[in-house]
Amino acid sequence: MDWGYFKELLMGGVVKGSIYALIALGYTMVYGIIELINFAHGEIYMIGAFTALIAAGVLTVAGFPAWSILILASAAAVVWSASYGYTVEKIAYRPLRGAPRLSPLISALGMSIFLQNYVLLAQTSNFMPFKNLFPEEGFLENISEVLSATEVIIIFTSAVVMILLSLFIKYSTTGKAMRATAQDRNMAMLVGVNVDKVISATFIIGSSLAAVGAVLIASNMGQINFFIGFIVGLKAFTAAVLGGIGSIPGAMLGGLVLGCTESFGTGYVSSDYEDVFAFTLLVLILIFRPAGLLGKSDIQKV
Amino acid sequence: MKPILDVKNLTMDFGGLRALDSLDIDVRPGEIAALIGPNGAGKTTFFNCVTGMYNPTQGDVLVNSPSGYSTRLNGLKPNKVTERGLARTFQNIRLFQNMTVLENVMIGRHCHSGAGHEIIMDPDNSPVKRMAASAFFGGMEIAATLLKGKRFKEREQETVQYSYKVLEKVGLEKFANNFAKNLPYGLQRRLEIARAMATEPFLLLLDEPAAGMNPQETKELDDLIQRIRDKEGISILLIEHDMRLVMSISQRIFVMDYGKKIAQGTPGEIRTNDAVIKAYLGEDIDA
Amino acid sequence: MKTGSRRMVKGVALIAIICLAAFGMFGCGQGEEKVVEKEVIKEVVKEVPRALEPLKLAVAGAHTGDLASYGIPSVRAAEILVEHVNATQGGVGGRKVILVTEDDACKPEMATNAATKLVGEDVDLVVGHICSGATKAALGIYKDSGIIAISPSATNPDLTQSGDYPNFFRTIASDDAQARLEVDFALDTLGLTKIAVLHDKGDYGKGLAEFAKKFLEESGKAEVVLYEGITPGGMDYSAVVQKINRSGAQAVIFGGYHPEASKIVMQMRKKDMDTIFISDDGVKDDTFIKVAGDYAEGVYATGPKDTSKNPLAIEADKLHKEKYGEDYGAFYLNAYSAVLALFNAVDKSGSTDYEAVSNALRNEYVATPLGIIKFDDRGDAIGVGFSVYQVQNGKYVELEG
Amino acid sequence: MGEILKSLKAAIWFMFLTFPIMVIKVNPIEDTVVWRWMNMAYIGVGVFFLSFLWRFMLARRNQGKKAEESGKARMPIGQRIAEEPKIKYPAIALVGAFALTIPFWADMYNTNIMTNVLIYVMLGLGLNIVVGLAGLLDLGYVAFYAVGAYSYALLNHHFGANFWVVLPMAGFLGAAFGVALGFPVLRLRGDYLAIVTLGFGEIIRLVLENWNEFSMGPSGIANIDRPPFFGIKMDLFQKTDFMYYVVLALAILTIIAVTRLKNSRIGRAWIALREDEIACQAMGVDRTKTKLMAFALGATWASMAGVVFAAKSTFINPPSFSFWESVLILVIVVMGGMGSVVGVILGASIIVLLPEYFREFSEYRMILFGGAMVLMMVFRPTGIVTAMRQKYTIHK
């Protein structure tokens, strides 16, 4: 057993998994509350990346210093991603509350296609180089053999964001309202929770997390195009299901498990079937443990 | 005489919560029995356990059909329970909204109208044989449907005729080709009963059939339920909050509270039962 | 009852509108086509008298979609040359030339539609298609109709080597020639012994990688230490990069396009790996250097021989700048050469007959921006080849080979 | 006044929302920025007016819902027409005559396009069984299409198998695949099913791409034979026309089959399952068996359509069977009308013909499809043609 290699694959998997987890949180929160697979979530992530790219471009031309570009571009990505998330919910999902379950699902798929092509037409179909917003050199030199500075930042940021989110859900009023709505929407409404606002808040938070993920991964990969949201979205959803949809720690665990599965699958078997591993894992989990790793199995309400 | 439904020691847990606690309930042939209790007492959960929606944690659900066959229903899928002769309605109406009234009833005929249903439904046959028959006749049926043969048409016509007769029994025949969703509320409840009757049950489980009905409609329902019992020979177990209806039509009443049976007896006995009055009926007994 | 009949009227009106819309649709489609033709005809009529039937030249390929950048240059090449011959020589072989274009978006099913449309319009010659898959799908239809097709960019070896398509020619070397060059360069020039072969699972990339692997194994001089496909559009290739690292490969031969190549190169360099990176025409694109920045330095890529010093190429470049005001795009010179070769063959043989033109293509040399070429029996151009380039100071520089 | 204010708010919100993507275009290589302020103006004006329309439509929809709840809903136009035999039969005859004579008056290109339409009619009707009737969202439908296409392509390539032999074989193979996949996954809830089928579709495509020895990998299979006709030699025109009639016959067969299924015991069980799974089981319908039948039958048609596709295009490769193809077929079903045969035919015609005849707008194709899916679901979830139910007459 080659431990060095194993460690490298593991760290690669953790980096990838952290990103999956960040995006999976958006899926899992939305599903927890309105039981909808928000297909457009991957596109929100992609729009976050594009907004960051555009903001960074504008600020660079205007001659801002590097650290302020990092902060401002990330902020722009978060603000606009959140706005898109909010708007998408209002247009494509809110009018469909109470409709048969197939309807919002198809609407979500339509929204995803729409947003992809919207960016394609308004921007470009080409890959755009994405400048690393993080300072690459100068610190953390010593561990660069296993992890680059950006990768360390990815793991660190994801961890912090996820801890903050957990605290938020647990202790804040909005967080409590979210949990209440997730358990029983009608009941929450009766005790005075503004369900519309809670759902909007869920979309806004989920989208912001996706934007954070977008800035991180785009910085690491160095290029983006209009299609990056689709596959990542699919993987993140897989991660959410893997961990147990609706469960926040589940999404984190699911992301890491999926990231590592892909990494080890590629490292020890072959990258030919990288996506096949991911999907097979998904199918197996759904068949044998539909509630996911940390989810509770629910009983159909009759 | 053996009871047609014999539930013994039925217990159902959801996680840590005990929704049903060692329940013993039985329904005798030709009887109208009622299950009452405050909201959340576990009445609907009981129905769900009996009809295969939930798999009970403990206890036995036994049926003894009038044709003399006895079987244990625990763990059977809902459709298998229906095949054994139990049919139900739902508290919140669950019709097939975008199908016509007649088609709703025709769905009730489903297990009696399929090719080979005699073999598939005969409880004497081994499960393997029934499954093989189900697969084989499933394939045959697709072929028959596509070819639209004579036998197929006949069978289809039989289903239509039977279903129409059921509609006549509940007085819905003139709405046969309307969409179910366009029926007024009271008639939707009736349609649910008709749909259940079409499955040819010997026991009908009605979950709050009178909910949301006005006194006139309730009166008609009262008649309908009695008629079903008298003319069709179907026994009935109903959950109901309308005490007047319960007291007037049922021979025996079971009272539940917090998942436990707290009393059982004739309407007269229940009316004067202290535990019942304390737990549930209280001052509301004559409402 | 009254409301009922009004509803009926409304219903009928709706149907009428749908029908009208449908007819309008058909009408529009045809109308627009005619407009295009008329414009061309007008232009031509001024120059030459209507003596012979015009020669219909079709350009088919990806003109929309994400691969449009590969297809549009060939349309432009044809437009420039058709205009040019009609103006200066009154057409080809005394017949004025009409240009028809068809889009296939590089999709096989759309390519068959485009091909049937062209056959239906009685075109004489086809330049195209652009992608190998689309070309394969369309070629059967051209073959059945006795039409010659010449592609500026379809590199799949089967197209010529299978012998299935005697009506097919191309002005670009096939993938195996490119793979051969990459392998020879890696073995003989660089003297490598351990090589990893990667591809992007696509038609082009995987085909190339397979040949590279085969040639490497046949040579016996080097060992293929890793052979894998990567997921195109992937978010991260760190696992693959680790695998390359562990395999001890001195070099990576990658078959595919620049987005994946730049990601792999960047991740390798970030991990302080100095593994040599050799790739193909899909990577020999300035975007690669722009995206990968400094990390691109030293990367090798094969590409068509630099013929920009060729006087015809200079002329082609000049004409393009005059007409479109910008630099030409991918496969422009190949398409330009293809059109020249076709015109030459028609001119020499004096007809657009299948036999005559294909004989002329095989036997008559023609001067093109790619050099003086003719086609071999299988349809590959003789005299068209590849060179190895290296990124040096932010530019692809052709290496003396 | 309030309405104008609302629209104004919407306009300003969307101007803000689309600001980075629509207005700014940066070139990160050259470090240049292009500002396209006109786009912002377009968005502002466009949204201002569209938001009126949006609210109007939403209000109308809600009204319609109320009318339906109170039982006063009027019968949809389509149904009234279809129930009027004076219109119904001549319309069918007209469409039939149109379809039968196409090769006589249309050129080869248009005949070819109509063949495409018919293939999509087959696919759409097949998916309609699964999505429209049984209510199972299958996002990997194209996997079965690939099964059919590859089984014909491979059998033809290796053994020179005849189209007419493979067609029924592929149908059974598709059904077998449907059952094999369906068995484990049909227990899943609707939205999980969507994701698993999507995953399965991708797995099939990836396997076709990776497994060179079996499927010839990404370079695909070429020179697939067109369907033979008693060994008569035909030129390209005749082959195209013959292909058209073959597909027409199969499409008509599909239409008949789906119509029969729809109004049969099986079809009723599907619809009941879609409407209310729990009540349906309580009425004695075997959920798994019924779903499996839908899945298998849908797969059968997809597989046969795949054989036709391979024979028609004579070349296939894995990218033809991507997720987007599944989406396209789904759009046909959703737009046309879930559960409606006429709707799917109309949907297929629109989805195939519009982009073909308006090639200049092909860039906008997907964005329009995406937008249409959302709007359809919000305003007209039943599609262009609302599915109808059979009326029965009772003989006493």
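In order of appearance the chains are A, B, C and D, and numbering begins at 1 in each one.
In this section, a residue touches a chain if its C-beta (ideal position, glycine included) is under 8 Å from a C-beta of that chain, and two chains touch if they have at least 3 such contacts.
The structure presented is a predicted model; accordingly, all values stated were derived computationally and were not measured.
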Any chain in contact with chain A as well as chain C: D
Interface ranked first by C-beta contact pairs: A-D
Reference chain B; chain at largest CA-centroid distance: C
Measuring from CA centroids, which chain ends up nearest the centre of the complete protein set? D
Using mean CA coordinates as chain centres, what's the chain B-chain D distance in Å? 39
Cα centroid separation between chain A and chain B, in whole Å? 46
When centres are defined as mean Cα positions, the distance from chain C to chain D in whole Å is 32
What whole-number Å value describes the gap between the mean CA coordinates of chain A and chain D? 30
Residue list for chain B, restricted to those that touch at least two other chains: 53, 90
Give the residues of chain A touching no fewer than two other chains, as numbers and ranges. 129, 272, 275, 300, 302
Quick check: what residues of chain D touch more than one other chain, meaning two or more? 29, 206, 210, 278, 363
Chain A residues touching chain C in their complex are 2, 5, 8-9, 12-13, 15-16, 19, 125-127, 129, 144-145, 148, 217, 220-223, 225, 227-228, 231-232, 235, 262-264, 266-267, 270-272, 274-275
Across the complex, what residues on chain C touch chain D? 7-8, 10-11, 14-15, 25-26, 28-29, 64-65, 103, 105, 107-109, 112-113, 116-117, 119-121, 132-133, 136-137, 139-141, 144-145, 156, 158, 162, 164, 201-203, 206-207, 210, 229, 290-291
Which residues of chain D touch chain A in their complex? 13-14, 16-18, 20-22, 24-29, 31-33, 39, 58, 61, 131, 135, 137, 139, 184-185, 187-192, 194-196, 198-200, 202-203, 206-207, 210, 278, 327, 330, 334, 338, 363-364, 366-367, 369-374, 376-378, 381
In their complex, what parts of chain D are in touch with chain C? 29, 74, 77-78, 80-81, 107-109, 112-113, 116, 206, 209-210, 212, 217-220, 222-223, 235-236, 239-240, 309, 312-317, 319-320, 353-354, 356-359, 362-363
Residue ranges of chain A in contact with chain D within the complex: 35-37, 47, 50-51, 53-58, 60-61, 76, 80, 83-84, 87, 91-92, 95-96, 99-107, 109-124, 128-131, 234, 237-238, 241, 272-273, 275-276, 279-280, 282-283, 286-287, 290, 300, 302
